[in-house]
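Take a look at the structures below.
Two complexes are shown next, each including chain A; its partner changes from chain B in the first to chain C in the second.
After this line comes the complex of A and B, so read on.
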């Protein structure tokens, strides 16, 4: 059980760090609160869309800034879109660079635009790396699905109060300790419900 | 017994930090808006996905489309009786103002209700929306509370007795 607590603590610390560094803002919390049983992968889905869109937009921006005669309206439209989607997922630092980027666009400041593109690329890859670390598992997801389901049931049964169950599931799975943890938790859960039935616990 | 003690520590640890966080504790839908048929139009994939989920959280039945053309064609098909259009103002090809104008021209002055979504901070946005026959505006990024408040206000004004 110690290592479960330790892993959870790591997850909590890591998430808190992302907020402290201003990489994420409260909008990301809202995203997590929107996730529910009817759509347990909502956060990962939205963030994946964000990655796809951002990469397309960053490519478009790089191309547009290389042109002989720069189309600032087009650039502004791309940056506007990136600003919108980054603010929707709470990627605060990407969003902030977008604001500066749009100002440079308005001033038709090519050097400023190029600098902003580098900055926004940097901030984007930072938030991407951090979010991927948070989600790590994508791709392996199908593999342990039935176990994940049981894990979820056990977690509910034992009234685990986790910030985001799917995140912690992924975290455990990522650490390669999933089954071990699952069995431990199951034993504890059974023990717990047995005690509850016997009236030893009223928790 | 030592196992149980650890278990309790973990519980309080989780609760202390994330008391409001567990998704299953959130109300699944708001009874005020349950069954409200909404068509959401936004060309941006991320924003559309998030806004759709927000509306569903409030209890709405949401159809999401990614262009003004799709929105108009969905509205014109007879079996779809949307009560509310949530419309992003800034879209390529046909923007939200144009979509609203056409809705008011081809549908009616008071059906369906239209709420605009905008990231713009301009003061005159609200006026321009009113001129185009829209009923409300929500600033992006959209928050659950802001969405609920504006929906309630617009429905109340339309005399739907909430």
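After this line comes the complex of A and C, so read on.
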């Protein structure tokens, strides 16, 4: 099927771009290499843990920065954790912002910290959306979380759009094209299996 | 316990890390290398698993009876631990292991996300076999084999040693002319005493080895 081949090509390009833009680094490849038939969901499992952990940490950071008396040591501890986990899955841009964030903590620079928090939230949104799209298109066994992810993606995309309009426009164009192709292929595939079920063998 | 003289018998690694993600990663990495893995999230849990209470000192009267009972059931061939952990750090855990008469033969490897030369030196001086920078990769774990083989040698009769030495140990450890004792790995008991100095030297030498893809001991080589 032409559409499938096209999708496959787009998937390769999409993935390559993630690496070119430094959103993911080689550690993500290392994760993929650890996945095999005996552990088919390894990457998704680890990345899901990263999402859960990061969201918790980002909430804690927001709360900590709102306090009357800011506890920089606690903030630094949270950022250190986030830096570690983002490094472990290859979320390079998140990791880099964490390094800057820790410097602001050391300087007890409240404005710097607030700015870093915004930046890290943005980078996190970006890598999360990208990975969710990747998983959706590549397919993941186990529970079908695509609806949940879609909702989160929209919420996250809104954050993202507010951050930088020009970037977000390009981003959505890209996402739209890619997801559009995926939906097209999905429809064809579903139609095909439906016909098979009905006994109309479609070669 | 070495049940047979077979050098392919299962190695059991105890991995310690407070990060769930990193525990999952290290477990997968180790299992890919066919090691048996147990993961715990703290140093104190690690000590409990090893059969040692935190308050235990190297007391020859009390420790052997406690550890021997547990040691029969739970044999650990290597401990790999994160450095930065709340409560007991990886360094604290390393110290406790090396201070324990029952556990000090177990090789300990430290992992850290931060490349701090003084930290690396301190750990190696305290008896850590290796220091890995996170994120840990397959290539890092491949360096664990010789350390694990050493513990098997100690548990085996002298006849089995030479074969293992030839096939596994020699290629991994370059000849050390400045060593005051000739071929320290050929006998089990001298190995115990000389381990700390050998590790330091080996680590320094390996810091210069060409197959290292990422700088790891940069700080140490300049500090020397």
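Throughout what follows, the second predicted complex is superposed on the first by the 136 of 203 C-alpha atoms of A that agree within 3 Å, B and C clash if a C-alpha of one lies under 4 Å from a C-alpha of the other, contacts with A are read in each partner's own complex, and residues count from 1 in each chain.
The rule we apply is simple: a contact is a pair of C-beta atoms (placed from the backbone, for glycine too) under 8 Å apart; a residue touches a chain by one contact, two chains touch by 3 or more.
Here the structure is a predicted model, which means the values were calculated and not measured.
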| item | value |
| --- | --- |
| Contacts of A:80 with chain B and chain C, given as first, second, both or neither | both |
| Touched partner set for A:50, first chain B, second chain C, both or neither | both |
| Chain B versus chain C as contact partner of A:39, first or second or both or neither | both |
| Contacts of A:88 with chain B and chain C, given as first, second, both or neither | both |
| First (chain B), second (chain C), both or neither touched by A:30 | both |
| Per-residue touch tally on chain A - higher for chain B or for chain C | B |
| First (chain B), second (chain C), both or neither touched by A:5 | first |
| Residues on chain A lying within both footprints (that of chain B and that of chain C) | 27, 30-31, 33-34, 39, 42, 45-46, 49-50, 53, 80-81, 83-85, 87-89 |
| Chain A partner contacts - residues on chain C that touch it in the complex | 19-22, 24-25, 28-29, 32, 84, 113, 134-135, 137-138 |
| Chain B-facing residues of chain A, complex | 1-2, 4-5, 8-9, 12, 27, 29-37, 39, 42, 45-46, 49-50, 52-53, 77, 80-81, 83-85, 87-89, 156, 158-165, 188, 191-192, 195, 201, 203 |
| Chain A partner contacts - residues on chain B that touch it in the complex | 3-4, 6-11, 13-15, 17-18, 20-24, 26, 28, 44-47, 49-50, 53-54, 57, 90, 92, 119, 140-144 |
| For the chain A and chain C complex, residues of the former touching the latter | 27, 30-31, 33-34, 39, 42, 45-46, 49-50, 53, 80-81, 83-85, 87-90 |
